[in-house]
Amino acid sequence: MNEQSLAIRKFSDLANPTRFLALSGAVWPWMAAATALFFAVGLYLCFATVGDYQQGETVRIMYVHVPAAWLSMMCYSVMAISALGTLVWRHPLADVSAKTAAPIGACFTFIALVTGSLWGKPMWGTWWVWDARLTSVFVLFLMYLGLIALNRAVDDPARAAKVGAILILVGFVNIPIIKFSVDWWNTLHQPASVIRLDGPAIDPEFLRPLLVMAIAFTLLFFTLHVLAMRNEILRRRVATLRRLAARSAGRGASGPATAGRGEGHP
Amino acid sequence: MRLVAEGLSAKRGEDLIFRDVSFDIGAGEALVVKGPNGSGKSTLLRVVADLLPRESGKIRLAGGETQGFDSVAGACHYLGHRNAMKRELTVEENLRFWKAFFGDSRGGTGVAIDEAADAVGLGGILHLPFGYLSAGQQRRMAMAKLLVAWRPVWILDEPTAALDASAEAMFAGLVKAHLSRGGLALAATHQPLGLGAVSELQMGGFAAIFAEAWV
Amino acid sequence: MRWRQSRFPRLAGRRCRQADEVRLRSYARAWKDVGMTALLLRDLKLSVRAGGGAMIGVLFFMTVVAVIPFGVGPDLNLLARIGPAILWIGALLAALLGLDRLFQAEREDGSLDLLLMQETPLVLTVLVKCLAHWLATGLPLVLASPLLSLFMNMDVSAIGATMLTLLVGTPAITFIGAAGAAIAVALPRGGLLVSILVLPLAIPVLIFGVSAVYAAIQEPAPFLPPFLFLTALTLVFAVIGPVAAAAALRASTD
């Protein structure tokens, strides 16, 4: 066994489902507390700043809209990494991670769409404009829904994870292409203004609450993701136990031997 | 050439169907896999054909004449439950396609299409669409598919399930001829295949629930 | 903890130890041998025999285009303006229509197992199946488009540009659609799911195809950039599609 696979083995040791449950059980309350703290500070800052002289109070929608849109993309990246974990390392936790991230990502994308629409009404005078960025996010939303539909349609979780991972990666390769082509199609929107090489163009007064809210949303995502993964692991554990019960009922008193029920497992 | 399997285990869904299955088939030998329904005969055959992932263990070709093969599956013919023939095409078109698509492996050549049809006793109906044939005739034509291209290993999953006694005898003859050419056969079956003295592998059925990842 | 021990030997054995030259040799052999030609011819034959989907796609295309005037009204100027877009959308939907059967039919009769077992690289097999599918369903759409363009009151340059962009763009839909078809191959109601999965990915093809047509008929915009982007998309999808489809087919055997 060479060094590389030894390294992978150590990583796998850490990410064993049982160990993951123990670790995440200890960590998630702290994550939730941090999320609440950042949200409290962020929301206070949101309403403490004065409104934009052009946009008035509606500018505060930005503090929800921008972090949600950012998370919609980050969530897909998390899924793409998990998909690699499924296909390359064949790790069961990667399956769980990719599967549970999809609905959360869809929710954040939906929030980004709704807040974008609410923001658009006073800004553009209409609920929906086919501008490049909104359209890209809408396509991303459709891709999330497609992934969820696929996950629900395949009954065997192992196979669902594999084909889902392939679809996630195909989508990941395609997202830049879609983004580029939609930009080509319509370049009405103002250019991205938070991250630029020559420094942020946005007023620092808006930037501070925006960053705090972005951190809060990111923490919220990770908290929700960890909790969803815990649920999914428990759900699979219940399914396995039910299967065991069904098998042992069919086979009389002898009962089945659990394959390789390893040391250190409850 | 020998087909060697060491410590195979495989699962379907979360069920570990079998574990620690090992066998060694030499040239001219056949191994018959036996066991009740659901004991994992088909799963074992599909694992050997690399159609299902194996959980552990190794399958390899050993001995001489293994040079031309990149994979075990590439050295195998697989006759599954389904015939892998298109109903819309004629029997001849079906067989011609498989002959061209398979190509011959090293160490042998397949027979011509009409010879293969004669060998399964259905020489005169090559021009008919495959869908017009009866279930037994369709099965026999699927067997002719094994003859049109040479593969040293035949993997046969319930090959004679839809056949009458005479067709069974015919098929036993085909397998014997294959073995006498230095081929190998791995067959799963309920019924005796009429191959004479062959080694047998008894599948116990359902090994365990593959549980330790989650519980 | 057996799952983790069992994973690494496979990783090392299948991905690292297998020499690259073995793979290259099998690619070279695959091009030379007659198997791929046989597969192409078989799929073409199947698509024109009873139950084949070749003509259904064109019929669907014509029907979709024919109902548009009932929706938007028979104004010839309007139809001429939206004609290229209508033809492209119709072609996109029609190209997706038969895709779900691409691998499902092979799976149902057991042929897929045998396709997977060969030493021929599976990616090539998938590529050839895509080509056959495009020849049987995509090319007829391209050939039918001039006729439908006349219904849409389009002028000669628009007809030519639509036909050319469809010729270059529809293979991209087939390639990316093959990935969707392979992902949904084991599902009983896979057809609808294929469309849902593939349509968002096909948006760039639609955008550049339609942009190129409008660039050809409206003066200031240059035709070449969107057309070259469309060509590039087809080439990129010709790689992504078969690779993803092959991986999905391997993953969905049972």
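Letters A, B and C mark the chains in the order given here, with residues in each chain numbered from 1 onward.
Heads up, the rule we're going with is that contacts are C-beta pairs under 8 Å (C-beta built on N, C-alpha and C of every residue); 3 or more make two chains touch, one makes a residue touch a chain.
The shown structure was predicted, so the numbers you read here are calculated from the model rather than taken from an experiment.
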Chain centroid nearest the full-protein CA centroid: C
Pair joined by the larger number of C-beta contacts - A-B, A-C: A-C
Label of the chain whose CA centroid is most distant from the centroid of chain B: A
Separation of chain A from chain C, taking each centre as the mean of its C-alpha atoms, in whole Å: 30
Euclidean distance of C-alpha centroids - chain A vs chain B, Å: 45
Junction residues of chain A, two or more chains touched: 92, 156, 259-260, 262
Shared interface positions of chain B, touching two or more other chains: 210, 212-213
Junction residues of chain C - those touching two or more other chains: 1-3, 10, 254
Chain A residues within the chain B interface of the complex: 17, 92, 156, 158, 233, 236-237, 239-241, 243-244, 247, 251, 256-262, 265-266
Chain C residues within the chain B interface of the complex: 1-3, 5-6, 9-10, 22, 26, 33-35, 37-39, 41-42, 45-46, 49-52, 108-111, 113-114, 116-119, 253-254
Contact set on chain B toward chain C in their complex: 12, 46, 49-53, 55-56, 69-71, 73-74, 76, 78, 80-89, 93, 96-98, 100-103, 210, 212-213
Residue ranges of chain A touching chain C (in the complex, touch as defined): 1-2, 5, 8-9, 12-13, 16, 87-92, 139, 142-143, 145-146, 149-150, 153-154, 156, 159, 162-163, 166-167, 169-171, 173-174, 177-178, 180-182, 184-185, 259-260, 262-263
In the complex with chain A, residue positions of chain B that touch it: 9, 13-16, 19, 206-215
